[in-house]
Amino acid sequence: MSNILELKDVNVTFNVEAGQLHILRDVSLEVPKGSFLCVVGESGCGKSVTAQAIVQLLPDNGKVESGSINFYDQGEKLEINKLEKFGSRMRGLRGAKIGMIFQDTLSSLNPAHRVGRQVAESLLQHMDISKDEAKTKVIELFKKLGIPDPERRYEAYPHEFSGGMRQRVMIAIATVCEPDLVIADEPTTALDVTIQAQIMTLLKDLQKSAGKTFILITHNMALVSEVADHVAVMYLGRVVEYGNVNQVLRNPRHPYTQALLQSVPSLAADKNIELKTVDGQTPSPADVTKGCEFAGRCPFVTDACREQVIPLLSFGEKHQVRCIRLDEKGNLPKLSKAAAND
Amino acid sequence: MLAFIIRRIAIVIPMALAISAIIFFASRLSPIDPLNSLISPDAAADPTNLAILKERLGFNDPIFVQYFNWLTEMFKGNFGYSIQTGQPISEILALRMPATLELILSALVISTILALAIGLVAGANRGGFTDKASRALAAVGISVPDFFIGLALLNILAYRLNWLPTGQRISPGQVTFFDRLPHLILPVATLSIAMLAVLIRYTRNSVLDTLNRDFVKTARSKGLPEWKVMWSHVFRNSLGPVMVILAFRLPLLVGGSVLVETVFQWPGIGSTVVAAVTVSDFPVIMVVSLLIAVAILFASFLVDIVKSILDPRVRLGATTE
Amino acid sequence: MIEKPPSTAKLMISNFVRNTTGMIGLAIVFLVVTSSIFAVQISGYDPNMFDGANTSLPPSTTHLMGTDQLGQDVFSRVLYGGRNSILIGVLASFLGNLIGTVLGAIAGYVRGKFDTILIRLSELVMTFPQLVLVLIFVTFLGQGVANVIFIFAITGWMTTFRLVRSEFMSLREEAFVEADRAFGFSSKRIIFRHLLPNTMSPIVVAFTINTAIYIIAEAGLSFLGLGVPVTTPTWGNLLAAAQAPVVVEQYWWLWVFPAAAIVVFVTGVNFIGDGLRDVLDPRSRTQVKEASFGSTLKQKIFGSRKRNA
């Protein structure tokens, strides 16, 4: 299947008071059309920055230093990072071809505008339709997304909604123009577990029924197993493992992915293994050295890990891992019992 | 919305009553016999007449009854008499009030519109020319007495360059509003500058604040052009805090008008008050203070209403705190 | 528990010394204060000496800022006038802050009815333009240096009051105050030993800002001829000469120089205020949020800031 989005060696830096932070390091991703990609990692690993870089909405002090971000619009290749940030071409992509769903629904919706208007705004921007037509369309979409009493809710303000309903409104904003690609940045983090499940089901249905491509940014491994086709695991600005969901979740190769999976209660219970936390603290992007970013917390670490930039190695069908401790079959060396429990 | 307005009124009315009570009792404390301010000087000339009048006007009634009667008279527009000139105060007000309103309202409208426009541009282009210039203006605005700006403008534009009149509201022989317009320019400019400096800063900061809010990212993610993001998302949401400042600055604007009227010999309430203070004309001072306070109360009430329109959330939870 | 490292004051002083704006402000203020003290020596003229032969002279090398209609040296009078203007500004600000702090501390700590009454009172006072209030008081009390200081103080305590009150409200809920109460410390001790020191920085900043405001207010009041009696030279009284159109038109040096003195000094004071704000509240530097006007006037002075618990 052809890709809808390709990131190649993307580097993003942020200018801060203390100097320059290298937030994304050689991030490469391929997103096949119609697939559901999950980007997972701890907070601060650069997964949200990846999403912002794709739509060119990095904060003012952030910048794509090098690499390419290519988006395929009905076969036509667009080099996103070469488009002007607020130019008409880029704006034509945002909302129309790439929809965004954000985490904090209360702050992501404008408190001063009625929600209906906020959804219709996107339609009116990209389609040549009247306000009434837009309204009808939005109300239809509200109905489809399970917002009760859509005509009345169209006129309501964000603060009059519950968190789950607001997230449905956000989804409406992201999908009303029927974009090919939807990027959801931690869409369910602020919600109750039951509502979380509803929203995820909704997103998965949208992907299946409308054939859209989804990128879900999340730190929640349990969600990944439910919805993803492909998984990219990020650590400190790098993609450390990439593969399809079975490869990554059933057969994780990178020490970090393994540790991450063992820290998830439901998955751990499944596999009947001990629940563990990932040892140590995530280092700050400011003190990264040249070797493997995970070296400081990795039980398999050797001196070699600290001395070179670790290449991305391929195993099997497109299963990529950034670790030099793997053997040809992609297995990590056995740890002594003492070291494992340490 | 209606409930919100009623709630606000329920706060404003007791405040207005409290102010009127303070003014009333303060004027009773003044060294001037209050009778003098209530009846015309002609009627007060005859002492027997005076005693009868005193009884009839209720000066022997309990003080609270007197306050109530006084308040009733105030509502009827019967403000008493100036000690200095013997003129009814209502007449003085009718003569002077329009001049002051003209001055203050022009300054308010002009400085608000300019400040919002400049503040928006300065905030949207942080660190740009407008931003730097407005920062310089703000620095000037807080450390230069506004009447000095008036004096400087007067010296340069009126006396040296002869472009504008040197004072007064009108020159002899002029009638229409457009004849008067040149007279208005310098006083309004003087009054606006101080207001402008502060308002621009607040608007700019408020815009910067709003730009950092998540919903701006949402708006951009919809592919809206920047001007639209600015106009319908950033600007509108930045107005609330600016409105609050506007309400806070109103008393200062009125205070400033007193000085500006003196500099430009503007025949308004401000110069009337100054003249009244010089000769201890208590009745005039008290009535004018009362009117000013009530006017400012009313204005801040209006600001609250506007704010609630701008941000619907205010209507729900907002009481005063 | 409260941490009280002995070096806090020293640290702040050394931080302030490294703060360019603050140090420039301090230098300006120091310069103006000293030269107003040595007015006669610096200008070489007695500020009150009439010289009928040299009236209304424009600035020259003999009279740097010219002379007035009575032949008095303007430079000398500007320097000399600074004494009273600065004195009025500083004392009025100190007194107003004192009133505001005491009332704010009590209201914020005791709360209840007392607090409600004070809040309403402050709202009431703030409804009046300060200048109008001042004028009312001047009518009752008459003119004079002491009167002006007193009037400024009782018409300008509200900002500090609200600031201290809200600070106390939030502080009294914090753990160390609860611990104090649990120890059975008296309210007086809690207020003066523990709460006030933690509120000091906004009060200090408010003090500098109010000083600047009062110096400008004195100028305005005296310009109207309603402040300090004309016999006492202040910057405002010098400016009052410009009430006469002929002075505005022809004798610009009579009002430009006093005004310039005000601008220079007030700028210096405001610079000190900015410097203090940076030193005492480091977060304000990184914040652009001065405008998020929350529930109090605190932000007006500090920008919005949160206290770390």
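Think of it as A, B and C in the order they're written, each chain with its own count starting at 1.
Here is the rule we use: a residue touches a chain if its C-beta (ideal position, glycine included) is under 8 Å from a C-beta of that chain, and two chains touch if they have at least 3 such contacts.
Here the structure is a predicted model, which means the values were calculated and not measured.
K.L.:
By label order, what chains touch subunit A and subunit C together?
P.N.:
Both subunit A and subunit C are touched by B, going by the contact rule given at the top.
K.L.:
Select, from all pairs of chains, the pair with the highest number of C-beta pairs in contact.
P.N.:
So the pair of chains linked by the most contacts is B-C.
K.L.:
Distance between subunit A and subunit B based on Cα centroids, please, to the nearest Å.
P.N.:
54
K.L.:
Measuring centre to centre with CA averages, how many angstrom lie between subunit B and subunit C?
P.N.:
So the centroids are 24 Å from each other.
K.L.:
Could you list which residues of subunit B touch at least two other chains?
P.N.:
Nothing qualifies.
K.L.:
For subunit A, which residues are in contact with subunit B within the complex?
P.N.:
Answer in residue numbers: 55, 57, 86, 88, 90-96, 99-100, 102, 104, 107-113, 118, 121-122, 125-126, 157, 159, 170, 173-174.
K.L.:
Across the complex, what residues on subunit B touch subunit A?
P.N.:
The contact residues of subunit B facing subunit A are 213-215, 217-226, 228, 232-233, 236-237, 310-313, 316.
K.L.:
In the complex, go through subunit C and note every residue touching subunit B.
P.N.:
Within the complex, subunit C contacts subunit B at residues 120, 123-124, 126-133, 135-136, 138-140, 212, 216, 219-220, 223-226, 239, 242-243, 245, 248-249, 252, 255-256, 259, 262-263, 266-267, 270, 288-293, 295.
K.L.:
Quick one: in the complex, what on subunit B touches subunit C?
P.N.:
Result: residues 15, 18-19, 22, 26, 29-30, 139, 142-145, 147-148, 151-152, 154-155, 159, 166-167, 201-206, 208-209, 238, 241-242, 244-245, 251-256, 258-259, 262-263, 273-274, 276-278, 280, 282, 285-286, 288-289, 292-293, 296-297, 300, 321 of subunit B touch subunit C.
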